[in-house]
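Order as written gives the chain letters A, B and C; numbering starts at 1 within each chain.
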Amino acid sequence: MNYRWNWSILLQEPYWEWLWSGVQWTLAISLVSWVLALTIGLGVGIARSLPARGARLVAGIYIDVFRNIPPLVQLFLWFFVLPEIVPESIGLWLKRDLPYPEFVTAVVAIGLFAGSRVAEQVRAGIEAVGNPLLPAALATGLHPVQAFRLVVLPLGLRAIVGPLTSEFLITIKLSSLSLTIGVLELTAQSRHVENYTFQGLEAFTFATVGYLVIGLCVTGLMRFIDDRIGGSALRKAAT
Amino acid sequence: MIAVEDVHKSYGKLQILRGCSATVRQGEVVVICGPSGSGKSTLIKCVNGLVPFERGTITVNGVSVSDPKTDLPALRSRIGMVFQSFELYPHMTALENVSLAQIHVLKRSRAEADERSEKILMRVGLGSKMTSRPSQLSGGQQQRVGIARALAMDPAAMLFDEPTSALDPEMINEVLEVMQELALEGMTMMVVTHEMGFAQRVADRVLFMDGGEILEDTPKAQFFTAPATERAKQFLTKVLTH
Amino acid sequence: MNDFDWGVIARSWSFLAEGMALSALLVLVATVGGLVLGFGLALMRLSTHRFIAAPAAAYVTVMRSLPLVLVLFWFYFLIPLAIGRPIGSLMSALIAFVMFEAAFYCEIIRAGIANVRKGQAEAGLATGLRRGQVMRHIVMPQALRAMMPLVLNQIVIVFQDTSLVYVVALHDFLTTASIVASRDGRPTEMYTLVAVVYLIICLSATKAVEFYRKGRTT
């Protein structure tokens, strides 16, 4: 293997700037998609655990559809297909006037997919940790709605912070898909540097370390929250 | 035949055994009792090398358990063990449970092993349950399969680790009866148990353990009438009053 | 809806079928290779020797933190460099998939083995069985039954993952469809088809696994 190492390439202009902006895009897409995923996951997950059959059915269909189409295909649907099938004026707006169209599309696609995964966790948390306490809550005279709101839901949600860590990490990894529609995030920029300089080992190492560091931060943050709210004790008690 | 000498065992900083010594002679039945956490189970698991220990020696028929040159599997095949939570293999029938080690350790043919297993299962009163899986058996039946599994190896001694602790009260006797029969036939046995009635009927000697030490090693008559230590007295009043 | 021309699907059918065949090949190789390598990694991780367990743990952690796209780029770049000649994007993608999925299969297998109660192995050892025999006759059969649904779910995920070879221009199902989409100017029809086909295959597999799992626990 003959390869000329040149780590200084990472610090040279414009490569450093490329890579650093890649990190920023990756963070931006990951964080915004994650907020979207949490919102959707919470709503759909709660709907999935309600006694109302209609709500359960709709939420179930959402989860089934979004979990069973590859996220990359979903991204293409939003990016290439949506503008074609909506009324023409909206389609034109999507194509011409939407600010940062690639970024927004990537966030929507990743957020909706990750949301279906979060929803499953929310449902599982409510089922495993919250529901077993329902009889006790009802026995104290709480109205079913109160029991759900005051006991079942808060405990169910506390229990899932741990399991949600891996969903957050998956969302970060998914942000790399946005390179297929032209967002120059971390993976794309490392490839970009490789194409220009042929110093692939350095460029890809940078990206690898970048993802590892981001992942470690997320894991640490989630563990901190989980410890603060006593999530692992709740999960243990449920098994 | 079993000689335990000055055995120490700790998990990290937690000392479980602090210098235990005892001997069990051929044909003897020794009951080990004591409060939970006193190290009884650990001690009995040291005897067949399931739990490694730091200091001291244990020999079975003159063979050292902790010597790295000892063929532990061969040694274990001569010592039967019965577990608190049965530990039957859930993916096998009762018969297969009893035959497995005969086939793979004693190298008996499947037919030979099954024939032997059938005989032993009949002996413990499970002739009609040979093809049942553990999940289809009651706790008492499962534990009798557990005993049969150990007996099928024609062991020279048997170790029992709280064999009735996980059982519903009405099933305890069917297991104790099988054990009592074994004792009467002259089997060498070490039994960790809280069943003081069994100890009174069957044991030759009683070891009382507390805090990782063997505090008493006395003939049973003496243990139940005149225990030497205060802690044994307290223990006896607690277990005998209800 | 008159603007849509669903005939484009019929006209490109054989090309799409070739794409699906490549997707299937990727799933097959990634699963078989991933399971074999993953089993080895799992055994390493369960070892009591630090020098054996730690490298496997590090490998799994790193692989699981990286996007598959980056891993595909890595191998696409690394392998020719390492062996001194180009091997084509199919080979490098196959290797990348095996190496990547092995990390996930490793965790499934490791959890399956670790969840078999310790007493089961003790019971086997106490009758004189050797460690290998205990593993083969007592631990593995139970672990396999427990991990089966997770392995099947992972295969569905691998199938979805194969769509990512788009980034190294391999002609899998999605990529062939996207080629037709831009050649004939029919993105709506083609991407809808891709979504529906994936949905049908993955959903039926997921439901089958769920059904199998429920049937076993009750």
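The rule is short, and it goes like this: a contact is a pair of C-beta atoms (placed from the backbone, for glycine too) under 8 Å apart; a residue touches a chain by one contact, two chains touch by 3 or more.
Here the structure is a predicted model, which is why all the values come from computation and not from measurement.
Chemist: Under the document's definition of touching, what chains do subunit A and subunit B have as common neighbours?
Modeler: Intersection of subunit A and subunit B contact lists gives C.
Chemist: So using the touch definition from the top, which pair is joined by more C-beta contacts, B-C or A-C?
Modeler: Of the two interfaces, B-C and A-C, more C-beta pairs touch across A-C.
Chemist: Would you mind checking which chain's C-alpha centre is most distant from the centre of subunit B?
Modeler: Of all chains, A has its centre farthest from that of subunit B.
Chemist: Provide the C-alpha centroid distance between subunit A and subunit B, rounded to the nearest whole angstrom.
Modeler: 53
Chemist: Using mean C-alpha positions as chain centres, tell me how far subunit B is from subunit C in Å, no decimals.
Modeler: Taking the average C-alpha coordinate of subunit B and of subunit C, the gap between them is 46 Å.
Chemist: Please tell me the distance, in whole Å, between the geometric centres of subunit A and subunit C computed from their C-alpha atoms.
Modeler: 20
Chemist: Within the complex, which stretch of subunit A touches subunit C?
Modeler: Touch residues, subunit A against subunit C: 1, 3, 64-65, 67-74, 76-77, 80-81, 84-85, 169, 173-177, 179-180, 187, 190-191, 194, 200-201, 204, 207-208, 211-212, 215.
Chemist: Considering the complex alone, what residue numbers of subunit C touch subunit A?
Modeler: That would be residues 62, 64-70, 73-74, 77-78, 81-82, 84, 156, 160-161, 163-164, 166-167, 174, 178, 181, 187-188, 191-192, 194-195, 198-199, 202-203, 206 of subunit C.
Chemist: Spell out the part of subunit B that touches subunit C in their complex, as residue ranges.
Modeler: Answer in residue numbers: 45, 48, 50, 73-81, 83, 85, 87-91, 100-101, 104-105, 149-150, 153, 159.
Chemist: For the complex, which residues does subunit C have touching subunit B?
Modeler: Touching subunit B from subunit C are residues 117, 119-120, 122-130, 133, 137-138, 141-142, 145.
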